[in-house]
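So that you can tell them apart, the chains are marked A, B, C and D in the order they are listed, and the count of residues begins at 1 in each.
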Amino acid sequence: MFKTNEPIVIYPGSGSGASEAAYVNTLSPGDRIIVFETGHFALQWKNIAERLGVRVDYVPGNWRSGASEDELESRLTADTAHEIKAVVVVHNETSTGVASRLPDLRKAMDRANHPALLMVDAVSSLASFDYRHDEWGVDVTVCGSQKGLMVPPGLGFCAVSNKARAASKTAKLPRHYFDWEQIVTQNEKGFFPYTPATNIFYGLREALEMLEEEGLANVFARHARHAEATRAAVRAWGLEIVCEDPREYSSSMTAVFMPDGHNADALRGVILEHFNMSLGVGLSKFAGRVFRIGHLGSFNDLMLIGTLAGVEMGLRLAGVPHREGGVMAAMQSLAPAPAVAHAR
Amino acid sequence: MFKTNEPIVIYPGSGSGASEAAYVNTLSPGDRIIVFETGHFALQWKNIAERLGVRVDYVPGNWRSGASEDELESRLTADTAHEIKAVVVVHNETSTGVASRLPDLRKAMDRANHPALLMVDAVSSLASFDYRHDEWGVDVTVCGSQKGLMVPPGLGFCAVSNKARAASKTAKLPRHYFDWEQIVTQNEKGFFPYTPATNIFYGLREALEMLEEEGLANVFARHARHAEATRAAVRAWGLEIVCEDPREYSSSMTAVFMPDGHNADALRGVILEHFNMSLGVGLSKFAGRVFRIGHLGSFNDLMLIGTLAGVEMGLRLAGVPHREGGVMAAMQSLAPAPAVAHAR
Amino acid sequence: MFKTNEPIVIYPGSGSGASEAAYVNTLSPGDRIIVFETGHFALQWKNIAERLGVRVDYVPGNWRSGASEDELESRLTADTAHEIKAVVVVHNETSTGVASRLPDLRKAMDRANHPALLMVDAVSSLASFDYRHDEWGVDVTVCGSQKGLMVPPGLGFCAVSNKARAASKTAKLPRHYFDWEQIVTQNEKGFFPYTPATNIFYGLREALEMLEEEGLANVFARHARHAEATRAAVRAWGLEIVCEDPREYSSSMTAVFMPDGHNADALRGVILEHFNMSLGVGLSKFAGRVFRIGHLGSFNDLMLIGTLAGVEMGLRLAGVPHREGGVMAAMQSLAPAPAVAHAR
Amino acid sequence: MFKTNEPIVIYPGSGSGASEAAYVNTLSPGDRIIVFETGHFALQWKNIAERLGVRVDYVPGNWRSGASEDELESRLTADTAHEIKAVVVVHNETSTGVASRLPDLRKAMDRANHPALLMVDAVSSLASFDYRHDEWGVDVTVCGSQKGLMVPPGLGFCAVSNKARAASKTAKLPRHYFDWEQIVTQNEKGFFPYTPATNIFYGLREALEMLEEEGLANVFARHARHAEATRAAVRAWGLEIVCEDPREYSSSMTAVFMPDGHNADALRGVILEHFNMSLGVGLSKFAGRVFRIGHLGSFNDLMLIGTLAGVEMGLRLAGVPHREGGVMAAMQSLAPAPAVAHAR
């Protein structure tokens, strides 16, 4: 799933724990890192770093686009002393539905010829759309069990490059639970240094078999198709997609702005009450202004239409100004009339 | 669920076995009964009876309407010798989506003052829409576990009136497995005469709790609402509903005619292939001409829209002539614009 | 499992239903059959036959030994008119722990050169010890899902020889639900004539994989070993095993006589109360005199010792006269001191 | 379960993570604490503390007795500067089967009138035998989900006193994931600061219902009874129990010394191979010298006898010198002959 030959460390814990693991294994108190402000989860990465005593160069963003490769290149080039130890990018910003273009960011780091580690939050992208830990030169990929991997929450993952493991030798942040060296070492002997969340492993084994059965390329195509149909619905409703750049559309979820003067949480409440469906909340500075439609994991065309119908009926019931026909547009996107039908 | 104070016999078996039980416990070889031809499952009742050596007065029907109370009254009135021992009605004809009007049929029997037993197949109506074993004077109500009761197949039920139990004292059809007296007697002591399908009982207990939690009236209202929305979709597509009489619309499923020259199984194949959804097949003389949409059991608004979207997209992909907008009509039916919204 | 190449019919139902199926598919009203009185379940076969209008030659037995091949040969030889249509043998009498020697019975039928069908109740032997439908020339083997096959109750099986299928062509007992021809015919096309107990099939598939993984020979050896250890315990307690002939010891369960003046149900009650373990009840004429220890299905050495310990502690608590040391004898039987240990 | 009115913080994680949480929330780099060397898990607590930059006064122990109240009192009394910030005691040492006497330790702290926090590892005692967070004045009680609470591993717990929460205000160890204040604060609003291991919560709810149904006093009595029967077996075998002081016997597991010259792991291998039962390994300095018998959680008399039989048969098969009769002694302990029986 990670497309890597390097070790993957599995913690009993959440994706948030795996983020902490990325830091405490590679950094020392006072180290500088770059975090791109792409949304709420980028902010979390900034906060975690600062709580651990790491200094953060927080690259401002408008929450509607991904990390900028130009900005990255210029900042790294300027850091001739190589003070910056790591660059943190949230691959798919779950709060905005914007997916940063990792290959372009990697190229920017290479052009700058800078040795900073590349840390990527792939919590809501892994196993939903294309991800390549080795090929993209990622040093730490952080993930959780409960999204694209389709198992209950309770596992946090770090895929760890050799360069990141080397960094851990000199990293001085105190660590025990999240120390990845003891896990890698014990795993090689078939053990864990402490009790693993065994039962979730059984689910994970089955989930991996399901993903392989479908074929990862087909899984990605399915999510891309659902994302496109979702955007077709949003456009038909006359609402605005948060993500500005089509190159950065997320395949796993879509965030949508409410019309001015209408509160997303009121809409979400109506939909929950009438249709027992819970949309994603607008996070941090998007609170009340944005709702989010998830379309990842074990999900098919008809579940997507049901989901979008819940939104469309909710918009009507809540009195939110919109055009009808989003569901029809999504159906047209999923199942366009075959060429032969035009002749009839 | 049966709305009865009389015993309910539970067999390890299917609804088809419970039908056989209704016969072998109450009839003797050569007895005459009336079976109304309402569709495929009525035909099954006729066949079972004949295989067991029972003579069947098969009242012809066009598979688009329920049992006729006038026909019933005239036939029973004509039978002054009281040769007819039982009247068989399939409450909800799963092959046609037509629900016979049991209270009217009961009244016809009462007007004819005829002692025949009333046997009802409630396999696809029980726990989905109104059913009243005692109030309607039903003598044997036959059901299975896998539809409105929402548990795996493997249980057959007979609710049995005192009159039916009395009939079993003189009934001469050979019987052992389906003999209900030994079951009723042993049940009173907490036993079964042979190994029951224990594990399904646990599911049944939970299902009954779920139905009670929702409230049976709410369960019925939910199914009625889904049936109405389904019909709105069918009408919008310009297709024809099999059931002719609105008083007989089924709340648990809807059968739909294909346009002439188009095969229902081809459509069903396209939908199965593209959307992994399996519609009901046209049975017996409806083979190829009819497809059936189920909307019973644990089912909600968004699942219904997903289902109807699968049909609508399938119609398009299969090149079946239809108007678009069935899904929109269903959404309008489920969630009409609130009055306050008109003011905007 | 049946060691057959002939069709196996699967009913939603119990083993008792499959017994009825064996009769109604092959016999006509008034037909004569032989049933060996080996215990309670043989009595059930007799009762079912008589309820269906079949005449039974009931060969008396003392409930402590299996069907007699000499008795069978002499009865069949005497029946020169070939009036006897079937011979019924309960392979493993669950009420007594006596396993009839089927190969010897088959040879007796062959010596008598008699065309009667051989019907075998393998409910509590199949998948627990050796069974060979084809090699032993059995015509109908009856089984259920809930013993050696280790899945929930709810399936009844008939393995059916060509000779039995031929007999069904002229058999006149009325039948619908248990008619095996319609099932065999529909199964060939991938269908069932009525709703099958689908969910138990999933369990069955897994159970068959487990049995194949262990290897059927190993499964049989395991049960034989547990049966021998159980008998070692019974002997050590000074109690009497019901089965008289060591050639007929059952591998799946052991029935034990209580000392005179002591009631088995009192003992069973003490054990249930103190150890939450439910021993088999003494059936019919063994009521109160016999308790039964099951050791079949998914069962291992330590579960057996726990079971026997429950019996031994129960005997003590209930004040039943016995010698201690049954559990120790069973442990000695399961794990005799290795040869090398004697040298110490 | 904790017998507390103070908040209980639940982490997605292991008990080892909850230990780290106890430290990072209450201590600052360079702080001094006392850890009693009671066995392997006490050593773990020492190691974790040192990795986090905390100085440990490690009170030596022989791994056969619990923490000494006299030693504790004298050390605290000597610390007039109140440099010692916390005292760590493993309640039930899973490596030795020794349960420290917490009420006596609490009294010693009170006599010394010392403000150190009391931190207790209750991983293998909670819900198995008596535990009282509030009454015993414990400041942090650490536990996991997979032992007495009977659910899958994946949850770590900290019950936290007001004094401990107050300490967290000045504690300077860096923390994010294990920071308990954000969890307590968010829990009050019905949230978690990051994704909790939701599915294990459902299991936990059911487990708590089971414990309440049985009654906690009965649960404790059951474990005490099983522990006493286990010791009866060990004594009968002529082997030596690790725990020296009967006041400190553990109710949840029993550790046993091998005879000199015999390796515990060889015995464990024989038992695993023959009986598919995995005994606890000897940890750290007990490696090869000790095996451990667990008798906690969802466990009954017959499972205990099965377990002990596996040990006794394993001792024989592995050629380990011992006396037979351990299982008989355990049965005698569990079910002594009733008084009335003596009269017979």
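What to note about this one:
Operating definition for what follows: contacts are C-beta pairs under 8 Å (C-beta built on N, C-alpha and C of every residue); 3 or more make two chains touch, one makes a residue touch a chain.
Nothing here was measured: the structure is a model prediction, and the numbers come from that model.
Taking the definition of touch as given, a chain qualifies here only if it contacts chain C and chain D alike; none does. Each chain gets a centre from the mean of its Cα atoms; the one farthest from the centre of chain D is B.
Computed centre separation for the pair chain A/chain B is 48 angstrom, with centres defined by C-alpha atoms.
If you average the Cα atoms of chain A and of chain C, the two centres end up 59 Å apart.
Between the Cα centres of chain A and chain D there is a gap of 39 Å.
Multi-chain contact residues of chain D (touching two or more other chains): none found. Chain contact topology: the protein chains form a single closed ring, every chain touching exactly two others.
Residue ranges on chain D touching chain C, taken from their complex, read 274-277, 300-303, 305-307, 309-310, 312-313, 316-317, 319, 321, 324-325, 327-328, 331, 334-335, 337-338, 340-341, 344.
Within the complex formed with chain C, the chain B residues making contact are 11-17, 20, 29, 47-48, 51-53, 144, 146, 152-154, 156, 173-179, 193-200.
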